[in-house]
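The next part holds the structures, each set out as structure tokens.
Paired with subunit B in one complex and with subunit C in the other, subunit A is shared by the two complexes that follow.
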Partner chain A sequence: MTDVRAEEAAAGLDIVPSGAGSGGAGAGSDGAGSDGTGKSAPPSFGISGWLTWGWRQLTSMRTALVLLFLLALGSVPGSMLPQEGADPAGVQQYFTSHPALAPLLNHLGLFNVFAAPWFAAIYLLLFTSLVGCVVPRTFRLAGSARSLPPRAPRFLSRLPHSAGYSTALPPDEAIEAAAGVLARRGFRLRRAPAAETWVSAERGYLREAGNLLFHLALLGVLVSIALGGLFGYKADKLLVAGQTFADTRSALDEFHPGRLVGGGDLPPFTITLNQFAASYLESGPDRGQPSFFDARISYTASPGDPARSYDLEINRPLSVDSTKVYLIGHGYAPVFRVTDARGQVVYNAATPFIPGSTGNFLSEGVVKVPGAQPQQLGFLCVFVPTAVDVGGTLESVFPAAGNPAVSLIAYAGDLGMNSGVPQSVYQLDTAGMRRLTTGTELLQPGQTLRLPGGRGTIAFTGYRQWVSLQITHDPGQLPALACGIAALAGLLLSFMVRRRRVFVRARAGERGTTVQVGGLARTDASGGFEDEFASLANELAAAHHSTGPARQSETGE
Partner chain B sequence: MFRGTVSRAKRRVLIPAALAVTALVVAVVLVAGAGGGGAAGGVSYVGGSTSAVLYAAGHRHPVPDFTGTTLTGSRLSFAAYRGRVVVVNFWGSWCTPCRAEAPALAVLSAKYQPSGVRFLGVDVNDDPASAGAFARGFGIRYPSVSDPGYVITQDFSSAVPISGTPTTLVVDRSGRVAGAVFGSTTYSELNAILMRVTGKAA
Partner chain C sequence: MSVNLGLGQVSNDFLIAALVVYSLSVLAFAGDFAFGRPRRAASAAGAQRAASEARVAQLAAVGAAVAGAQTVAGAPAAAKPPADVTAPGEAGRPADAVPAGADPAAPPATGETRAAGPEQGRPLPEVVPSGFGAVRQAGAWVQAALALSVLGVSAHTVAVVTRGLAVHRAPWGNMYEFVTALTCVATIFFVGVILRYRAWALGVFVMGSVVVALGLTETLIYTAAGPLVPALQSYWLDIHVAAMTLATGIFFVAAVFGVVYLVAGRYGKRVPAGKAAPGNGIVLRLPGAEQLDRLTYRTVVFGFPVWTFGVIAGAIWADQAWGRYWGWDPVETWAFITWVLYACFLHARATAGWRGRRAHLIQLLGFASLIFNVLVVQVFVTGMHSYAGVG
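Moving on, here comes the complex of A and B:
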């Protein structure tokens, strides 16, 4: 920013104060305030002027900060309201508990914030703003990091730090000696033209390098995030103990691919859940809180590979073939065996149930038996891991399966499955069905319920546990981390390194040569330059075998 | 001098602006282009929908040689079908579009039996009791191998991108995928593909 001003001043431009640019300001006014002020008035000329002005506004630091704030603000509902992607059941629950408010929120996209158009608008603008701001700055910094120190000012005693003394050395030799001292101290030098006797020196260019690193790393972070968005994916899979799944599109319950992910891009691993164990606190105020989860799995990285075993725990994901597999949830899958009116076994499977919000893993689920003859059968069920009868209703008093029980309502009729319209496996469409049982029927493991009218039987034969796995592939994660670290390192460098200049002039006088040393710290926020300058001045004087008294002043004049 | 300074200041803004706009356009084209992918060479569509496709001779990928256990408990090897046109249908009794297409598959398997075409099911994510009830209920007489964990399905992903259930593949006499229906198929779609692959229609 400063150099822009300087350039304008040098070019003889009038900088029009803000607000005065309506009629007579002329074309020059938009030159003011590139990044930072953002107060330049709209220019009064055509489309290209408006575009330039708009681009300046968009890429100003202030706009970037406002957009960043909006982004943070916009993600607040994402963490306060249930989201479609992460918690579809929660969204449904919200709709039933807030029937008036929910449709309005849904219209605003607040149940899927991160896919909402307004959210995309914010981050696309932010991205453009950052790129437009950072790229030109990077070029400027790169220039600045290579630049030589300026010419020595005429009167060094006016600088914030200065010293002077006399020496017997002729001026050119004195300058040579001073240049030697400064070069040994790591200063970058600018030598005077032949007729003059001065030397300029500057160090602390690492500050600019740090700044440059910070900006480049910032761009790197943006690119990494884009990489992750284009080539990464996220998938969910529910896996019942004893079952295997192969990582392929149709096996996944949910699949959210990046824009450039094809169907054949999934690594061909298989995972078998051998056993799942969860333990809970047995006593104390936190009784029933989980204390430990452990999913024992075996996996093959690709077909034909030997099977390896692994203990999947919360925050201990499995890394396989550039993807990570996380354990994110668990639940119960009671096993049912259903026979129809003809005595055929038409269903015999572990059926995953979803834990309800009431706690202690009271879980709800549905058994659909489309193959039952002569009519299809359906069951609305509740699984209770540790059941206690409280005044006629079942309650779960502990999340572990201490006294498992199932209560169910049986239906017969048309499940609505043959029309081909997809339906949720966790919901029973009873529109075409008739309720067979008046109350709820209670079953314990091993018990069988005879359906009225000889329609068949349902047996609750036991239960298994399931885990839900999240499979993520984010190729931008590691680059983003590296760039984040680099950005931090660059920022630290640019904060900690001071850029400081030292100038030495020698003039021939009556009593030998007069040497003037001047010093200037361009950014001396933390102080400490005066000590460095004093020791440097002493060293220079010593190198010059100074004869006169070393005079030192803190400030010019 | 005045003019020169302004145009330099402008250029300083316009160049990065132009770069950024170009980058944005490239990104949008890339992103949009990726969405419409799949219409590669060698693919033609059947019946005006993009879900039923025919692959030209040079663009057919070989099917893996898999073995499995059928719903009735016997071993089945795909190698036994070499030299025949085979319809491989991926299905599950829980899958509603599979139930919708099942009657068409039952009819077509009987119709093409005399011409030597064989039908084979791959029953995914299912239990044998439910799968058996499905086959009985729809009068499906051809065998199905059990693939509860999608391992066989994964094997096929090298030949054709199977993205969901149901999927139906038509394998030619040399063991390559000649046609496919992604999603629920119909009598006319699958019949059209079979006519072409068996050589009964030009």
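Moving on, here comes the complex of A and C:
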């Protein structure tokens, strides 16, 4: 056994029956104290022997340390490779650019590391090891809180901290005075039997309690996360200014329920986006950097309730009926009016466009007009908020709509919407369609494009803005926060409190009574026991009206 | 509110001033190495180890209880005179410390009991003199170095504060501001360590690293004062990033200590093997391995809860801003990795076979992951924390 506990056992030390790191890794899952044979050869007897051996291996500090390492190591690919949860498009792209490597990585779960079985195996083993170490220690702490401090050792000068002096008081009175000082300082005392003159004192049980609290709270965080995964959900909704939506499964764009959540569990609120405003830096090196977003919404918590208004901002979500609504994105929705060959208005709506990666909200979108006669119409469009012609190509030079324009390509034919294959509203399947215009056509607000062959017109009548909302419900959130705070409190306790013992012995000597004070701190993470002992010893000496240099008795030393 | 360019310039000027003064303090610390009052610490570490081992043996015999590493408690980071071996009651008392209690509050018994013999002579412990008193004893070079450090820290603090006033927010909104603030934390913390643990022998390394970090920041990633994107406009920025800055500054100091520990330890191993000449002047002036180890440990113990708090505050903010408290965003993942690695260090120090060199390598790995997070992940890996404002 190469664990510290073994050293303590070898040294016959017994301040606390469990052996934790002497340096006191406050955060240490210091392991089971019974674990004195950890690295010895596995026993050659029966299944139960093997099980015991395995359990001791698992709950040993070395194993915990290795598992901690693996946890850190295992997290690395999760940050280096695109992850399905956070960046599904990135995963797709990785498959395209690394066709040979990607399936292999996928097989290893490296695109979803934090849900991968091997990752779960690491943290579950770690937490099992933690439980196996923390639970016995809790019992031991409870035991030592009930029992008294140990008897004072015979030779206190052999303790790491000790002091001696003589006093005129008789031994029993000196011990009485010392007990008074120690009790005032909050130590638990153990008094000597009638014939002896010593007192033992101990303080700082909160250190171990804090350490245990920290580890149990980590366990609590894990349970809270699991709670969120089972009973929570996450949904997305894109909402154009002026529109209203009700929080039902069909109205949501995306719905990711937890394992035990159904569509009926959604709270029945409705939200209307009245207005959205974004402002951007107008000048300086960071020109175009957003400076403020504000979505004015009104909402009703449940049908029949009065509508209330709220300013939804980034960092300022709306809490409604145990869910939270976040502003997570925004964009432009140009409004088009399309007439077909018969002159009928077959499309008149704000159409959300997706901002591209080129910046300044150059946005792409499609307009699909399945009701147009004689053939269905489709338009591939680009919306440019502040358009500038740079050498023949349209570019956006500012994210705000200073000079909005739309460039589009018109198609006629079959949109393919009845093929049974679900279509994205942001993509146009031109397989069954014929291009109507040779180049791209540029429209400014209010302008109308007449389609060739008398197929109708498309007018760019203006634009609105849209916001994307994220609706989340996570019942594990508050427990996780509480556990996080508890973990921090436990950590602080285990680092700041030191568990220490102080012993005082008084012996009648040739010239008055000799008093010996001894002290030891088992764990002293933040230091300072030496100073405390110095001040305590001096206080004791003062209480004993110390007289002159120490004169130790010759016996026994 | 618009940026106050005048104040921004004041901040830049003070930062340059701090950099110059810090460089001078490094020279002064180096001067202490070269010309300062010599220490009597020739074989302090070895003697100390022998003493503590002897004591453990004694303890085992009596059946009294104490853990091995605990036997030498007290003021770390100060080289001890070999005389301590015969006066164990003086454990941890620095060589340069004033022998008599400088604290007027100490009871009169102090000092009078020193006459007792070595074995029985465990007189009343003295109250250790204040850090300033110890510095006064340490000679002109140390005094000058400390004075320059304090002057530099003052200029540095003014630079950070005026930057904050110039931009009307907490001055840690981009990487330039972050490094400026964290080095400020590191130097303030280290001045505290000097005063509390008399660790001026480490000054040339810590202040030297600060000068290098600050100089690189100033030349490579200087960012003019400017406002923040909406995602950062939250009081959680103040809280979360402040905690991360504090913890990083503290871990920075711990990392320098760890490197010194490893280099000095390697030298100590090479001497008996005949690969290095004994009596290296710099190593002799350093605190003993055990004290360096304990000092590093306490520094990490100080930083770890701050880091933990920073991660929790970040989770609360992420919940406010992004609708989830933990999403394995690359920066979150690396903050987690850093946390786990420092937890490894704390545990390793309590696991035999992992103490010493190995534990400190883990600690340095933790700091490396932190730096990797700041310099690589936040800049080059796309995630929700891409606010570095570099390039």
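One rule holds for everything that comes next: the second predicted complex is superposed on the first by the 306 of 557 C-alpha atoms of A that agree within 3 Å, B and C clash if a C-alpha of one lies under 4 Å from a C-alpha of the other, contacts with A are read in each partner's own complex, and residues count from 1 in each chain.
Here is the rule we use: a contact is a pair of C-beta atoms (placed from the backbone, for glycine too) under 8 Å apart; a residue touches a chain by one contact, two chains touch by 3 or more.
Predicted, not measured: the structure shown is a model, and the values here were computed from it.
Visitor: In the superposed arrangement, does A:A480 touch subunit B (first), subunit C (second), both or neither?
Guide: Only subunit C is touched by A:A480; subunit B is not.
Visitor: Could you tell me if A:T52 is touching subunit B, subunit C, both of them or neither one (first, second, both, neither)?
Guide: A:T52: touches subunit B, not subunit C.
Visitor: Quick one: is A:I328 in contact with subunit B, with subunit C, with both, or with neither? Answer first, second, both or neither.
Guide: In the superposition, A:I328 contacts subunit C only.
Visitor: Is A:Q83 in contact with subunit B, with subunit C, with both, or with neither (first, second, both, neither)?
Guide: Second partner only, subunit C.
Visitor: Taking the superposition on A as described, I'd like to know which of subunit B and subunit C A:P317 touches: first, second, both or neither.
Guide: Touch partner of A:P317: subunit C, not subunit B.
Visitor: Does subunit A have more residues touched by subunit B or by subunit C?
Guide: If we count touched residues of subunit A for both partners, the winner is C.
Visitor: Is A:T244 touching the first partner subunit B, the second partner subunit C, both, or neither of them?
Guide: Only subunit B; A:T244 stays clear of subunit C.
Visitor: Does subunit B (first) or subunit C (second) touch A:P136, or do both, or does neither?
Guide: The first partner, subunit B, only.
Visitor: Tell me the contact category for A:E530 with respect to subunit B and subunit C: first, second, both or neither.
Guide: Once the two structures are laid over each other on A, A:E530 reaches subunit C alone.
Visitor: Residues of subunit A that sit at the subunit B interface in one complex and at the subunit C interface in the other, please.
Guide: Shared contact residues on subunit A (touching subunit B in one complex, subunit C in the other): 8, 11-13, 27-28, 30.
Visitor: Which positions of subunit A touch subunit B when the two form their complex?
Guide: Contacts found on subunit A: 8, 11-13, 27-28, 30-31, 34, 51-52, 55-56, 59, 128, 131-132, 135-136, 226, 230, 243-251, 259-260, 262-264, 266, 268, 270, 272, 303, 337, 340, 344-349, 368-373, 417-423, 425.
Visitor: For the complex, give me every residue of subunit A touching subunit C.
Guide: Interface residues on the subunit A side: 2-4, 6-8, 10-15, 19-30, 61-62, 64-65, 68-69, 71-72, 75-76, 78-80, 83, 85-87, 90, 113-114, 150, 153-155, 157-165, 225, 234, 281, 284-286, 289-293, 313-317, 324, 326, 328, 470, 472, 474, 477, 480-481, 484-485, 487-488, 491-492, 495, 520-527, 529-531, 533-535, 537-539, 541-542, 546, 548-550, 552, 557.
Visitor: Subunit A touches which residues of subunit B in the complex?
Guide: Touch residues, subunit B against subunit A: 1-2, 5-6, 9-10, 12-14, 16-17, 19-20, 23-24, 27, 30-31, 34-35, 37, 90, 93-94, 96-97, 99-101, 124-130, 132-134, 136-137, 148-151, 153-155, 157-158, 161-165, 167, 184.
Visitor: Can you check the complex and tell me which residues of subunit C touch subunit A?
Guide: Contact set of subunit C toward subunit A: 55-56, 58-60, 62-76, 89, 91-92, 106-107, 109-110, 112-113, 115-116, 119-128, 224, 226-227, 229-231, 233-234, 236, 294, 297-298, 301-302, 304-305, 308-309, 312, 315-317, 319-330, 333-334, 336-337, 340-341, 343-344, 346-355, 369, 377, 381-383.
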